[in-house]
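Pasting a structure below so you can have a look.
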Amino acid sequence: MSETKITIAVLGASGYTGAEMLRIAATHSAMHIVALTAERRAGQEVGAVYPHLAGMDLPPMCKIEEMGWQGVDAVFCCLPHATTQEVVAGLPGHLKVIDLSADFRLRDEAIYAEWYGHEHLAPALQPEVVYGLTEHYRSEIAKARIVACPGCYPTSALLPLLPIVAAGQIEVGDIVIDSKSGVTGAGRTPKEGMLYAEVAEGIHAYGIAQHRHAPEMEQELAVAAGQAITVNFTPHLVPMNRGILSTIYVRLANGVDIAALRASLRAAYDDEAFVRLVPEGQTPATRHVRGSNHCLIGVFEDRVPGRAILVSVLDNLVKGAAGQAVQNFNVAFGLPETMGLESQPLFP
Amino acid sequence: MSETKITIAVLGASGYTGAEMLRIAATHSAMHIVALTAERRAGQEVGAVYPHLAGMDLPPMCKIEEMGWQGVDAVFCCLPHATTQEVVAGLPGHLKVIDLSADFRLRDEAIYAEWYGHEHLAPALQPEVVYGLTEHYRSEIAKARIVACPGCYPTSALLPLLPIVAAGQIEVGDIVIDSKSGVTGAGRTPKEGMLYAEVAEGIHAYGIAQHRHAPEMEQELAVAAGQAITVNFTPHLVPMNRGILSTIYVRLANGVDIAALRASLRAAYDDEAFVRLVPEGQTPATRHVRGSNHCLIGVFEDRVPGRAILVSVLDNLVKGAAGQAVQNFNVAFGLPETMGLESQPLFP
Amino acid sequence: MSETKITIAVLGASGYTGAEMLRIAATHSAMHIVALTAERRAGQEVGAVYPHLAGMDLPPMCKIEEMGWQGVDAVFCCLPHATTQEVVAGLPGHLKVIDLSADFRLRDEAIYAEWYGHEHLAPALQPEVVYGLTEHYRSEIAKARIVACPGCYPTSALLPLLPIVAAGQIEVGDIVIDSKSGVTGAGRTPKEGMLYAEVAEGIHAYGIAQHRHAPEMEQELAVAAGQAITVNFTPHLVPMNRGILSTIYVRLANGVDIAALRASLRAAYDDEAFVRLVPEGQTPATRHVRGSNHCLIGVFEDRVPGRAILVSVLDNLVKGAAGQAVQNFNVAFGLPETMGLESQPLFP
Amino acid sequence: MSETKITIAVLGASGYTGAEMLRIAATHSAMHIVALTAERRAGQEVGAVYPHLAGMDLPPMCKIEEMGWQGVDAVFCCLPHATTQEVVAGLPGHLKVIDLSADFRLRDEAIYAEWYGHEHLAPALQPEVVYGLTEHYRSEIAKARIVACPGCYPTSALLPLLPIVAAGQIEVGDIVIDSKSGVTGAGRTPKEGMLYAEVAEGIHAYGIAQHRHAPEMEQELAVAAGQAITVNFTPHLVPMNRGILSTIYVRLANGVDIAALRASLRAAYDDEAFVRLVPEGQTPATRHVRGSNHCLIGVFEDRVPGRAILVSVLDNLVKGAAGQAVQNFNVAFGLPETMGLESQPLFP
């Protein structure tokens, strides 16, 4: 390994998000993985936990408490929600922290406590945190010590909504976000509801009006709108491993039409590597982004006058998790933003 | 076969809907299938077209023009859209016609022509037609000569919406219907977009603001509301064979709450065999109705004040097609409405 | 419920096999379910455990120890392996026991202990047990008190093999059984390996040369052959809910050809309601039997001279479990063998 | 694009194999795609045929007859079987041809004619052809003008079998190859049997004893064995997009045991980048190789004395098609063999 590489540790490497981090890191030419932690799998080789990664040259899993942090430049935290706050609070200050959990996403402690059921455990760190939606917080990410990577659903909703909300093009009191997700967002811990037989050949909604990604969306939309916003957000579970599709129903502000929405989105993303408006006549599909860091957005006229429909797709494990984390890492370390993320989607 | 059975012919028996008709007929104690038609498969045995039905004692497929209609009491038309009108116009008047196509669903010829791209070919028959949403047109179905069975999406949207629209409980100008369907609705004709590799492990929207089931929904909602209605209807294709889930976003009328919606739905369906409100705390899932004639409905409070969410599920080939057709047949012939439809869902 | 119905209890009703028992019982005109047990779910309604069965009129789940056995004519045991022996030993003698577990399938206690890792707990009951492969033990089943229903894999292997082994048509030292199964055979208990994300879009072998269904196959093949037999049996997990396909490679005895194999199978099964040889030119597919009690068999000439290939398919939850159990129940009580099992396969 | 890149054309770029070629080429640092052909899609952009590749900078599709070959160094032929022979015969001699079709795989013209139903159209080219199983023909590939890349099934069977056949460790008259494949091997042309509804939730065998990949396997096994060989090869279709798993049943030669088989495979592949023996206790799964050029092999003891079981897995579109083609391209042009093929598998 070259001395000039950035040394990283992946905390919580045994879940799907951790595995995806390792997959991406394998072709990232500036990352050198020096440590992996996994509490229940400590002592095991990666190949025992994830046989598909057995060919990589990686250190064995260890416990977080066994970690020495000298010689580590950055950590990717793929830990379960609520455990991250204490872990991050205990890390030395020289480390860049790219956090993939929900623990630092909400800036308002009261809202955090309301939705997560307990007081925030490391409120003192909040000033060092930036919300890691790369396309919208790029300059802050470059300077922050802690990057709180967005949830998968919020990424799929905010990328299409932020530019048009910021432009005042829609009525912010009337936003319906109907999202459909693959199963990997639920993690690798065995639960009855995630068994193949309970998921295959069916679809259902869950967490209706109660999903924790709603306040996260509202926080960022409020910033763009300059006023508080309540959204309707309804997630559904689809029999597929990866992918989120969000169908977003909005009411246009006076005098705004579809072309204006498209113009705002083009202005926001035409220079971006990973976010793209699909041509008119095409419809985004999750299988067009699988395995890639891409987000595709479509804009459609509704039959109900004055309304419009936005459709966005991304891979929840890449742009919705590990890919966006690497994108933020690249920004934080001044690397080309696409490094390690050049793979085209795997289709079919 | 007993002489007292009702003799039926299935026209267009070689598609998925036709096959589903045969499956249901196999356990219907009052039906005797005397003829099957399938243009391209004429001369073939059912077992050659559908090996899973080889064990049934059925006549071979023939062409419609080869049919003799004497001795036939009823026909189930599972023909492609647009071919049904001429076929039905040519049938003898003694036949009860249960039509599963879209050809007689729209009462307004102008709307038909607008959405289907040609003039209606048998407008003279329209007075003999009734819309076959059994729970809402039962007494008319008992007397009609032609029953136009509803589309799969309209069935899933109308069953939850009609009672609350009729009761004036929601704002009819603000209805968003986000539907997710399995693939069998698209039929058995080979198309690139329906290949396994193009459908599996993904989801996409299609026909946004252009799907022909929208005017059908609007026609029936207008009857309930006493005024014209335009809905937002967005269908999605999900990797599953059977099932439709519709998530419906509505704005409550002044002073109406969730409990009132539930009360209307209970009043409408508590005595129905096939439509059921799920208990509070449960969420309908398509896999809970697969293979059955059931429709399950859930009602949920939105976080946005004054809004509510309805979720309905059904099997598009059963309650959305062949099952509802048999239910209408039972009504039309004065049989117990559940005859042949007693099967419980196949789960998993 | 009619007084003349047979009253049954289902023990272990909360698993997939138990649910399938209830589904079939719903349309069985001579069964009256009077009790359901489920240890961890005791006190719950069926609809809470299996929402798709909420429409049935069923008693709530209870613990086995809470059961009173008076007024119960028969029990279906869907309990986990190893717990059944003690439960059955404690049942009153008037009860017919239809056991779906592996606990009484192996007649040789030593073989049982070798494969299941502990001594048999109720060897005294063995004389009252008959192996419940209906087509081959029908007259014994009619008289037995305890019917040990075959495993799903053995059913799929024995139905094609028994007639040709009994006829001496193949070399019994050279049988390779390559089986492919859906996931429901593994039950509903959450395990990492059965998560959707670990099963979908892939296939793998498991339990190579170590699966407990091998000695069960060997026991019955030995009876037919009149000599001990060791088979090669390799199961694979396929991303589907239901279904087993077994591809069986055999070496023909001198002078035997494919036509002779077909003749033996026809002689064995032409009068059977549920086992059928597919026409030449067709290949059995699991989706042709899904949800039904059917087993389809195909016979094919190998390119290697003197060898042949048999392919069988069945639904592991029906002919491989609950359906065969009901078939045996029908035999045991002198009912028509197809009662409650008339449903055609659900395709697609 | 750098002048030092190798310029390539992809013929038949609109199928799944063509798309996979483009995906891999996107991260290959020495390839420059200068032309794409697709007869029916000529004139279209890649993004119209494959929206997931819209982000790549690629030339539009054209017809083969419109191609100018000057400035092209190599062609990848992804054309349908039987059309390749004439196309390749018409190419200028300076071009390296990497052919992914079956048209040049069989060295014996009579066997070709027998299995493909017509005389070979370019027999004169055969001396310039080498069979492109990279690990076994590397030095020949480096010098050949035409590389006939192996079929997906033969690759999965030959990689485990060749070393042990060459070592005389198994009885070559007794080889059973039971293969299970995903759907992409069947291509993108719409056919009823490849519709989602005909594939999902099921498995079936096809082409029993008649599949064209059998003679290809036999050709190469015969080279290794030094004698003619007939294999039993039975392919099955599994509901997954990518992946082949072959379960291979063999009889050991006298005195050979499992350890000896493993030793032969280790000797053959320990220095290879893409072929790997899994550790004892692990079982290869197709999802461990999805999207990668890897082939994993496991060796297992059979319960039948003197027999063994080999299991191999690969991604049919990568090591079974486009990946192996790029591997051969790398060899042919003296590049590092792993160039463009470094991606780790996409799991889940």
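First chain written, first letter: the chains are A, B, C and D, and each begins at residue 1.
One rule holds for everything that comes next: a residue touches a chain if its C-beta (ideal position, glycine included) is under 8 Å from a C-beta of that chain, and two chains touch if they have at least 3 such contacts.
All values derive from a computational prediction rather than experimental measurement.
Relative to chain C, the most remote chain by averaged C-alpha coordinates is A.
Counting C-beta pairs in contact, the pair that comes out ahead of the other among A-C and A-B is A-B.
Rounded to a whole number, the gap between the C-alpha centres of chain A and chain B is 39 angstrom. Chain A and chain C have Cα centroids lying 46 Å from one another. Contact of a single residue of chain B with at least two other chains is seen at positions 16, 184, 197-198, 200-201, 239-242, 285, 287, 290, 348. Taken as a contact graph, with one node per protein chain and an edge wherever two chains touch, the assembly is complete, since every chain touches every other chain. By the touch criterion stated above, chain B contacts chain A in their complex at residues 173-174, 176, 178, 180, 182, 197-198, 200-206, 208-209, 214, 230-234, 236, 238-243, 245, 247, 249, 283-287, 290, 300-305, 307, 309, 311, 313, 348.
Interface of chain D with chain A (complex): residues 16, 19, 22-23, 26-27, 47, 50-56, 184, 200-201, 241-242, 276, 278-279, 282, 285, 287-292, 294, 296, 342-348. Chain A makes touch with chain C in their complex at residues 16, 183-184, 188, 190-192, 194-201, 239-241.
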